[in-house]
Every structure is written in structure tokens, then in C-alpha cells.
């Protein structure tokens, strides 16, 4: 028997998982290498623009915001919210439009599933890539914010893993939803749902300005948890409350991975 | 003699024929268009207008917004912004599709229809999209008492002018696109988003540092926003300033259209 | 005798009410070049997907290397090279990157793949194109690359679904040459085609399929011998006369097929038959004597031509 096959066989593999999600990252890296930095740059610039616009322009109108007992500068208030929002947007973009293309146009996943790779390898690999890109955005944003002197303390560094958790949750959930979509109209729906969540989840103002019932709805949405989580680390307000947010995202990740891998199986191995 | 009259007729109907064809295909997407063109500004109006409105009122009242309630202050800007993105979509996608993806324009140009007529036809159809969504949006503003009926109705044509001037320029760029790889990315994130944020949409342009203000000066959105605020409220622009704003929008439209027509003709002749 | 590499028994696949594959049996031995010949819609691709462990069956048994592909999908796929009907190269990558990453999907080491890539580029005659994005390749090049890609893991079995459909004659011949080399190297090939010349050239043994069922199986020569005569005389009398003339011709020929544009007459000696026609003073507008082919076998079995 050939060496190649021995190597392939030496790995244990089940029907769902060949234990090789990292080859998806290798593939993404190869594809990414030959692209320009345009999408990365523009993805990074967006939260910075928001920060500039709302920080400078709105700061004068709005003044200080009270978070807990402290009263903080408006720009300082929105920075962590924008970090969480951009983590979400980056992850969602990668796990929806990119995934849609590979599912329905290039049929890349179908090709991958004709090799020993399993659906779980694909789901984990793609989601991790989305996560890594989100991480690059987050680090870039944090750097800019630090240069502007808007970080309250070095503990703000912890907001990066928090933002990554947010990105992970949205990436796996986004991929799961995308696996059900067949047309571009349905994809447009994703963008359309994201906008109100972006706007209402309290990145630009505390949701306490809203009536009780609306506040409750917003608190059920994932982005609010993401923003609260990142903000807690940002300002060093670590308390048991953040466990709820972390738990929320762990559930999202688990559900997303489960649904995605089973959908891939149903779509391409039937 | 007859032939002369025929040429005039074809010249006249050619553009309308193209517009009608575009209109039919837009009609298929009417729900999506309505949702995006009306939903987006409405979400911004409700989220930011109410959310940040509360913060602004608690802090500085209406002193920062020329005595206008915050939500009313941003309404004309959002209306113009919606017109701009709507017209832009219809000036960009169909043109890239027509020249590149499906090469429809070449087929149309093989009939007696000229490049100029195709350019104008696409442009007219794009404007009709703005008319549709702006009128509905204005009615919503009246319903919610954000503006009072009266001279404020002028914000409708002003918004359409804004869409028309930006659309005319985008028509030119779309007709130049050979490789669309990052076109949408760059347009969306490096042009439309900064324009949206730095045109005095959410706060007076003058509250920005001076080096960021030029973004507003060259942006149709800012000119339309200023005009719109003048129409909707007692904003106190001098006739000279009003004339300047109007001239700017008209000039951009004319230049954009002339460039577009030239580019359409050149590209179709290639 | 060693076990066959592939063993298919009573294989049936239904898509809703449609039975795409209907009780198919066949075996493929090691080193064999095995073909599925049939017109569009015969169910060839469906069978290939089941063999490739990317599709499930409705009933029947399938064993590949003594394993059920449905139960041991990844394990079975690790031993297969798959060339689908539609090229599915990775459009975002270059030629060599396509080979590289595909090997990585199989869990092969980078060192192993990098050595292998040279060999495969040579095989596919794409050395000059190694750093070119695959979008820039011609149809024939893409096809060769897809085949080379299927070989990166040194598979026990190479599955080729319509390897040359859609290619121009020159590209087809290059490809046949490549496949012939593989055959010589002892790679087990399973290929589908609706071209009888391709089946004759490449297959040691084949099954003739129609409407999901196997009509006959054997070697190309054996099938021709069993289902056709040695030679075929093709005569044309113009589309209006064909039918009338055919009535007369029945007297001098045991078996013939009347097609819309021509009449096929089966005989051991075609020239002799043509003389007899001339004697009858029926002057065909054109005539041609040729050896029997698999096309004639298919016509005999189904009453239809392969390509309609």
C-alpha cells in the first residue's frame, strides 16, 4: 500500500470529523495571501470612522455618560461598544457571504467533502478563520483607540479575548443560518436584520433610555450581551454578571457548530 | 423629411425604453427595495433619534442643534441619505451587470439605441427609485409628527437632487469598472460610510475639527442636509448660501452625467 | 483470486418517484479499467457519487475495498481519487496551490505533497502554469488538473465522471493519452462516458447502461461480437427515400437499423453487401463500410443512439 494512504489511514476519523480543521485555515491563508489588504483595511477602518464621527461630533452634544457610578466621556463610552460591534460585523461577514459563496457558487464545501474531511472539520475551520480575522480587526481597533488615549487601563487588553468570543459566537451562528439559504434575497435578509441589532444594542447609548419592554427585548439579543461583555472587561468591571454573557455565547457557539455540521452533511452527503 | 422626425423619436424613446426595462426589473425587487430604503433610515431615526436624543436633551437641550429637537434635526439628513444610497445602487449594479456580468448593454447598443440613451435611461430609472422611497418616508415623518406639513415638502425634491448628483458620479465610476473585486468594498466603506458619518448627518458639521469638515463640503449629502433643514425648520440660511448649495448639487449632477455619457459611449464603441 | 476492489449488488437509487439507478450489479478488479457507458440521464453520475461515498443509496449493497462507503465514508474517500463531471477546482488558488491544498485535505505531509506536485504538474503538462490562477486555464487544462488533483493521494481507485465531455478533439486526445498512461501504471480506473470511442479506447471492461439499468456487460470487443456484426454498411438515400428503400433492403440483410438520416446494415462483409445493393440498382447518395462499434451495440440493445 502506498505511503500516502498509510498516512491518511493513520489518522482516526469518524463520519463527521477527520480531526483536521486546520487545513481549512491553510486553504484560507493561501486564498488570502493572493488578495490585497483592501477588505482587511476597510473592515478595520469602519469602527474607527464611527469613533471619530461620534466621538468628536456627538461628544459635544451628549456630554458624559454614567456607567455604574462613574461618569465617563462619551467617546470612551462608545469605544468598547464599537469594538464588540465590529467583531460581530467581521465575523458575520465572513460566515455569511463568504460561506454562501462556497456553499452555492464555488461548491468548495462539496469538493472538500469528497475528500476524507468531514462536515465538522469544515465548520470548525471556517469559523476559526472568521474568528482570526475578527481578532485582527479587534487588535487594530484597540491600537488606534490606545493611541487616542481612550483606553481606561491596561486591563482593556482583556477586551480582545472577549471580542473574540463574541466573534466566535456570531461566526458559528451565522454559518448555521447561511447553510439554510439558497438565494441572494435571503442573504439580504441577514444584512437587514443586523442593522437594527447594530443600532439598538447599546453601542452608542445606554439602552436604559428605552421603555422597559424594549429594553427586555434588546437584552435577549446576542449583540447586547457582546457589548456588555466587552465593556465590562474594557472598564475592568469584572463581576459574576459577565458569566451570563459568556454562557450566552458558549451556547451560541455550540448550537452553531452542531447545526452547521449537520446541515453540511445533509446538503452534500446524501 | 420623415426620417429626420424618426431619428428624433428614437432618440427620445430610446432612453425611456431603457428606463422602462430597468424599472420592470426593479419592480421585481420592490419589497426588498422598500424594506431597505425605508427601513434603514427609519431604524436610524428611531434608534439614534430617540436613543441619542434622550442623551442630548439631558445634556445640552436643543442648544447644539439650532433649537431643533434632535430627532427632527437628523430626519432630513436621513431622508437624503436614503435617496443617495438608493440611487447609487441602481446606478452601480445594473451598470456593472450591463457592461460586464451579462453584457446586456452591448446587446441593447446593437439596436438603434445609443450609449447616451442607455446611460440616461439607467439614470432615470435610478431616480425613480428615490422618488418612490423618499415620498413614503416623508409621509412617515408627517405621521410621526417629526416635521409639519407645509414648506417642509421641499425636502422631497432636495433629497432626490442629492441622490441624483451622487448617482450621476457613481454612474461614471460604475461604467469604468473592469474588475469589480474590491469596488463595492471601497465604495461602501471608504466613500459612502464616511460621507454618511461626516456630512453633518447626526450633528452640525461645525462641531467637527476643521480638518474633517472638507469631507462634508464635497459631499452632496451635506449640501442636501443643510437645504433640507432649511426647508423643514427655521434654520436661518442666507439666500446666498442656499443658492450655493443648489448650485453645487446641480453642478455635480451635470458634470457626472456628461462624464457618464462619454464613458458609456467610449466603452460601448470598444 | 483476490477480492474485487469494488463490488456492487442490487444498487438502487431513487429521487422521489424517479428511479435513477435500478438494481445494478457489477464488480471491478484491481488494476482494471472499468467503464459505465450510457446516454445522458442513464444514472452514471448517480452511481459515481455513491461509489465516491458522497451520496447514499436507496437499497442494495456496495463494498469498496471491503468497506461500505455509507458507514465508512471518510475512510473509503481516503482511498479514492475523484474527478467529478463538473470541474470543481478552487478558483481562488493557483494551479500548484490547488494540488497542494487538496493533498492537505487528505492529511498528507507537506513534504510528501511538494514532491508529488512536480510529478503531477508534469503528468498534467502544466509545469508552465504552476503559479497561474485556475480561472485562466483552458477547459482541457482544467480537466487535466482535476485529474492530477485526484491523484495527489495516490488513490487505489480513480473515479472519472465523463472525463472528456465538453472538450475539443485535440484536448480529448491529450487527455486519453494521460489516462492511458495511468492504466499502464496499473491504476484502477472507473470512468463514465457517453462516447463509444472513449469507452473502446480506455476500458478493459464496461457496462452499457440505459435508464438506470445495465443492458449488457463485457469487454468492448466481446460486446461488439455478441451484439453486432463484424462490419456495418452505412447508406443514405436522402431522408424521403430511406423508409421505402429499407423495405427492399430487408430482403438482402438480416439486421438493419433505419435512422432518420441513414440506414445501418449489419454484415460480416460490408463491401459484398454494397455490391448487392448496386446490383439491385438502388443508388445510395453516400455509402460507408466500417467496423462495428459500441454505438451499434447500444443501438441494438435500446433501439436508440447514444447521443441524440
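Chains: A, B and C, in written order; residue numbering restarts at 1 for each.
One rule holds for everything that comes next: a contact is a pair of C-beta atoms (placed from the backbone, for glycine too) under 8 Å apart; a residue touches a chain by one contact, two chains touch by 3 or more.
Bear in mind that the values here come from a model prediction, so they are computed numbers and not experimental data.
Trainee: Please classify the inter-chain touch graph. Allowed labels: line, ring, star, complete, other.
Mentor: Shape of the chain contacts: a line, open at both ends.
Trainee: Whose C-alpha centre lies nearest the centre of all protein C-alpha atoms?
Mentor: A
Trainee: If every chain is reduced to the average of its C-alpha atoms, which one ends up farthest from chain B?
Mentor: It is C whose centre lies farthest from that of chain B.
Trainee: Suppose each chain is reduced to the average of its Cα coordinates; what separation in Å results between chain A and chain C?
Mentor: Roughly 47 Å, centre to centre.
Trainee: Between chain B and chain C, what's the gap in Å when you average each chain's C-alpha atoms?
Mentor: A distance of 57 Å separates the two centres.
Trainee: For chain A and chain B, what's the span in angstrom between their mean Cα positions?
Mentor: 32
Trainee: Show the residues in chain B shared as contacts by 2 or more other chains, in ascending order.
Mentor: In chain B, no residue touches two or more other chains.
Trainee: Quick check on the complex: what are the chain A residues that touch chain B?
Mentor: 36, 38-39, 42-43, 45-46, 49-50, 52-54, 56-58, 60-65, 74, 185, 188, 192, 195-196, 199-200, 204-205, 207, 209-210
Trainee: List the residues on chain B that touch chain A in their complex, please.
Mentor: Against chain A, chain B makes touches at 32, 35-36, 39-40, 43-44, 47-48, 50-52, 54-56, 58-60, 64-65, 70, 182, 185-186, 188-190, 193-194, 197-198, 202-204, 207-209, 212.
Trainee: Can you check the complex and tell me which residues of chain A touch chain C?
Mentor: Interface residues on the chain A side: 2-5, 7-9, 11, 13-15, 18, 20, 23, 26-27, 30-31, 34, 106-108, 110-118, 268-270.
Trainee: Can you check the complex and tell me which residues of chain C touch chain A?
Mentor: Contacts found on chain C: 52-56, 71-75, 77-79, 82, 84, 88, 90-94, 97, 100-102, 104-109, 112, 116, 133, 152-156.
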